[in-house]
Amino acid sequence: MMPDLGKYAETVLSAYVASLVLLAALVLLSLWRGRRMRVQLNELEDRIRQDG
Amino acid sequence: MTLTVTDLTIARGGIPVLQGVNLVLRPGAALVLRGSNGIGKTTLLRTLAGLQPPVCGTIRGADETIAYAGHFDGIKPTLTVSENLTFWASVFGANGIQPALDAFDLQQLAMRPAGSLSAGQKRRLALSRLLVTGRPIWVLDEPTVSLDVAAVSMFAAAVRAHLAGGGSALIATHIDLGLSAEVLDLGRFRAKTRPVADFDGDFL
Amino acid sequence: MTLTVTDLTIARGGIPVLQGVNLVLRPGAALVLRGSNGIGKTTLLRTLAGLQPPVCGTIRGADETIAYAGHFDGIKPTLTVSENLTFWASVFGANGIQPALDAFDLQQLAMRPAGSLSAGQKRRLALSRLLVTGRPIWVLDEPTVSLDVAAVSMFAAAVRAHLAGGGSALIATHIDLGLSAEVLDLGRFRAKTRPVADFDGDFL
Amino acid sequence: MIALLLRDLKLAFRAGGGFGLGLAFFLILTVLVPFSVGPQSSLLSSIAPGVLWLGALLACLLSLDRLLALDWEDGSLDLLATAPVPLESVVTIKALAHWLTTGLPLVLVAPLLGVLLNLPVAGFFWLVISLLLGTPALSVIGTFGAALTVGLKRGGLLLSLLVLPLYVPTLIFGAEVARRGAAGMETTTPLLMLAGITAAVIALLPFASAAVLRVNLR
Amino acid sequence: MIALLLRDLKLAFRAGGGFGLGLAFFLILTVLVPFSVGPQSSLLSSIAPGVLWLGALLACLLSLDRLLALDWEDGSLDLLATAPVPLESVVTIKALAHWLTTGLPLVLVAPLLGVLLNLPVAGFFWLVISLLLGTPALSVIGTFGAALTVGLKRGGLLLSLLVLPLYVPTLIFGAEVARRGAAGMETTTPLLMLAGITAAVIALLPFASAAVLRVNLR
Amino acid sequence: MTISAKANAIWAYANPKKFLAASERVLPFFWISSGLCLVVGLTWGFFFTPDDYRQGSTVKIIYLHVPAALLAINTWFMMLVASLIWLIRRHHVSVLAARAAAPVGVVMTVIALVTGAIWGQPMWGTWWAWDPRLTSFLILFLFYLGYIALWEAIENPDAAADLTSVLCLVGSVFAVLSRYAVNFWNQGLHQGASVMRIEAVTGADTQEKVSNVFFFPLLICIVGFVLLFVALVLYRTGTEIRARRFRALLARERAGA
């Protein structure tokens, strides 16, 4: 299934790997921080509501 | 110049600290602000001096009429005492520093670099600057910090002279200044916290 | 630890300011230093704390026994209140900051970055550090600057507890602290100016 | 206004030599270059205009961090903001004082350092001209950066990060003038661009600086 | 001691990105060099080792001025001097913290910047080695300079003036290692000298720094 | 609906709460469609397009390089618009959107730089050349860094919003200036903007059919990147809003105590 990349295989593959890793890191970090913020905010809101 | 403050709300770091402050300061009058540490005295005075915008409410009569003296002295250590004063005099367009030097007994120190003054001497220099501004409303944040008894009475005399000349003064302090002035306790303006559910444009 | 000062002469900027200072501070005692602005209180206290050498005279019992708190607070604005205290506790080898937080009612502020405290709150933090040093002799330069009445009495209580525990305190101040302590007026130690003809190694 | 300028100049002189220090930095940097890239004089002479421009730029940059910070720390800026002078003229005066104490001396001493680096004879004139036209822009842009970071302790490096990208066009055209001049080529286009940048920056940036400063004083 | 190190690291991180800013300065400097000397890649590649060493040195230098100054300004240094820790170890720890937050990141990022300046392939290894050996000396010497100038407002430029001459030997041997390495030549002698300087400086200079600091605290 | 009412309806989403609710509703669509486009576009490009006769298989890098480069520039442009809206109309959400977009812009810039550098090695024989296009990207990267560092450095959120917005404004002017300066300084190796004439890029023969071979997958990749950008910015803006509220509540709780 893998296309024949000829003598430039390393070049093309490293470009794809680097870009996809960067994109994935961006998305995952965004999601992780978003989740954490959501949880923290909910905890804080609950705590404040309980205190009155 | 009458300073009129109506329904003022002020915030520090995005959190309202005082709410619904009303006060009127007429020429010839002094008003002493009291309140525990962290109630918002400094914040209120900085707002009146125009250094930060109020959250809501109005301030009238504060335009180019206020001389502010805060926690920091604004003194350049490498300039002499008289150079420091002369600079502020020319910024404010006053014509002489002699009365200021006399009022705070700085004559002897006039040629000393300000950096070599003791804490109290520096404070006297900072206060003497009020006299060269020529501004009618003095807004003072704990003016007598580090001052000895003699210097406190010099300060009281300077304030009285200023009031007698039709000026007015708003002073935040924790100790007694020996002035007969109205006292306003800021405790009753402490901002109320809003309920959490109320998630509006201010994020609060 | 008794602090004994004999015939001390101290100078500031090369000029002697106090001469022939004698004082004894026994465990359990407090001594209040008074004197007009610029007499040399700060200079004396810094000398005792070992930050500058005396011109002549001897200081005994000051080695690693003194906790000094000066005009500046030594507070890092980006660290929280408890991080600030914990740091000093570990430098001095103390084991807990809880008593210090309690003594100055800093519990509520413990997680705030110190930079966002008001002037009086910062001062309370600076004073609470004395408790984590574990040192027997407190040397304090105008400790109650910016403090409100409640905080001043916290401070007085802390000093009394320290004295009751066998510590001692040397305090320079212009205002009344509500402590029953001996008072030493530095006015009588003011250095005499030498005659001009007397041009010795000090160029004076 | 004049009073503020005079005070700033006086402060610069009192603070241990005033403009001497900017010059010294420039000098030392120029001396370090042969140490680091090696002493071949042909190499040095080909990089000389660029090195001198870069050195002048860095000397400017390094003196920025105290341009407003000192006045902020000791409360002078609070007082100036409540004084009857517009903040726009305060920042302009500050930039002018900075140029007089830093930029101008650099311009005057640059030819001397050119000798150290074997700058071709034709280059001296253009080096001075380009610095004379370019350094005011450096001061004004730097004041903007200083206004942005005033109030931040340890703002020095952040200041560099913010200001250096803004210095790029000035540096490119300035160094281009000096380089072309040294090589005996036509310099009119980059010179005009340099002058244009300086003029525009002086006319517009003080408003941004004052706005930013107001925000920081809150 | 550990507490002091941890506090300094924490402060460096809190102050807006910590070591990020030193790196940014290094990066920007490297970018500005081609703008000022021109884009020919053969020229750039011949000056690359020197420029990278100089850049790292300046990035170190710029972060020095707050190394002790902040602690002095707010009175922390007074308190540390009266605390039960020798001032010698205080300055050593400060130098270590400075190296960890400034020197080490510079070493790690230098190869990337080498790419920008067309550094010859053989040069990368020696560049990293020489920086790794040399930057600790830069931090220790810098701490000495910071101790000398602590307490002077606007001390930044004076500091540069004092410290840069002291940096000269380190720079000469460090850049020499990198340059010879890039040219494929023998590097043993300068490398040994560099290591010797670093070792000696770490062993001896803290005593001088502490002595100087004591004088400044008076 | 009148035009002004429509405009007001848009501004209503500048309220953080409304924004959160609305973005929550549309986000799944953006995530899914961007994922689809990227998978389809990249698969098509990587597996089912022929090699270029001169560049060989390296031409496949174009499917990452060009979309990333486009977004790198346009993210800054979006930040500029958002900053202006904040400065003029003081809508918090818009400035938080600018803040949220900046790291996305940085990553896009880095992807463009890295893929470009990797591509440059076989094509130009060097990882890096001081070509104007490349150089101005490096400068753009520095502007992003400065913008983010300023946000991080300032405590007070409103002050930080004002300062970064002014920086974005002034920075944009200088970025454009730098672009011209760099062009003047060095004429380069990089090909001109020619997304629409891909045959000129590849140097392949100029028949429409051949160019379309590269063009359609590229177009799908660009659409995918843009959708991903929108999704990321919407999501991250929500995070920034929550972070802002979190800090405000925490500060209020401490102040009230």
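Labels for the chains are A, B, C, D, E and F, by order of writing; each one numbers its residues from 1.
Definition applied: a residue touches a chain if its C-beta (ideal position, glycine included) is under 8 Å from a C-beta of that chain, and two chains touch if they have at least 3 such contacts.
If you're wondering where the values come from, they're calculated on a predicted model, not measured in any experiment.
Peer 1: Could you tell me which chains are in contact with chain A and with chain E alike?
Peer 2: Intersection of chain A and chain E contact lists gives F.
Peer 1: Look at both sides of the chain B and chain C contact and report whether the same residue positions are involved, with over half shared, or different ones.
Peer 2: Mostly the same residues form this interface, as more than half of the numbers used are common to both chains.
Peer 1: Out of every possible chain pairing, which has the most C-beta contacts?
Peer 2: Of all chain pairs, the one joined by the most C-beta contacts is D-E.
Peer 1: Quick one: chain B and chain C, Cα centre-to-centre, how many Å?
Peer 2: Chain centres of chain B and chain C, defined by C-alpha means, are spaced 28 Å apart.
Peer 1: For chain E and chain F, what's the span in angstrom between their mean Cα positions?
Peer 2: 35
Peer 1: Find the geometric centre of each of chain A and chain D from their Cα atoms only, then give the gap between the two centres in Å, rounded to an integer.
Peer 2: 42
Peer 1: With chain centres taken as the means of their Cα atoms, state the distance from chain A to chain F in Å.
Peer 2: Comparing mean C-alpha positions, chain F is 16 Å from chain A.
Peer 1: For chain D, which residues are shared contacts with two or more other chains?
Peer 2: Correct list: 15, 152-153, 158, 161, 164-165, 168, 172, 218.
Peer 1: So which bits of chain C are touching at least two other chains?
Peer 2: Those would be 71, 78, 116.
Peer 1: What are the residue numbers in chain F that touch two or more other chains?
Peer 2: Each of 139, 142, 145-146, 149, 153, 155-156, 185, 245, 249 in chain F touches at least two other chains.
Peer 1: State the interface residues of chain A toward chain F in the complex, per the touch definition above.
Peer 2: Residues 1, 3-9, 11-12, 14-16, 18-19, 22-23, 25-27, 30-31, 33-34, 37-38, 40-41, 44-45, 48 of chain A touch chain F in their complex.
Peer 1: For the complex, give me every residue of chain B touching chain C.
Peer 2: Against chain C, the touching part of chain B is residues 13, 35-38, 42, 71, 116-121, 123-124, 142, 145-152, 174-175.
Peer 1: Please give the residue numbers of chain E that touch chain C in the complex, ascending.
Peer 2: Result: residues 2-4, 7, 10-11, 14-15, 73-76, 78-85, 217-218 of chain E touch chain C.
Peer 1: Can you check the complex and tell me which residues of chain F touch chain D?
Peer 2: Residue list for chain F touching chain D: 139, 142-143, 145-146, 149-150, 153-154, 156, 159, 162-163, 166-167, 169-171, 174-175, 177-178, 180-182, 184-185.
Peer 1: For the complex, which residues does chain B have touching chain D?
Peer 2: It is residues 46, 49-53, 64, 66-68, 70-76, 78-79, 83, 87-88, 90-93, 129, 133 of chain B that touch chain D.
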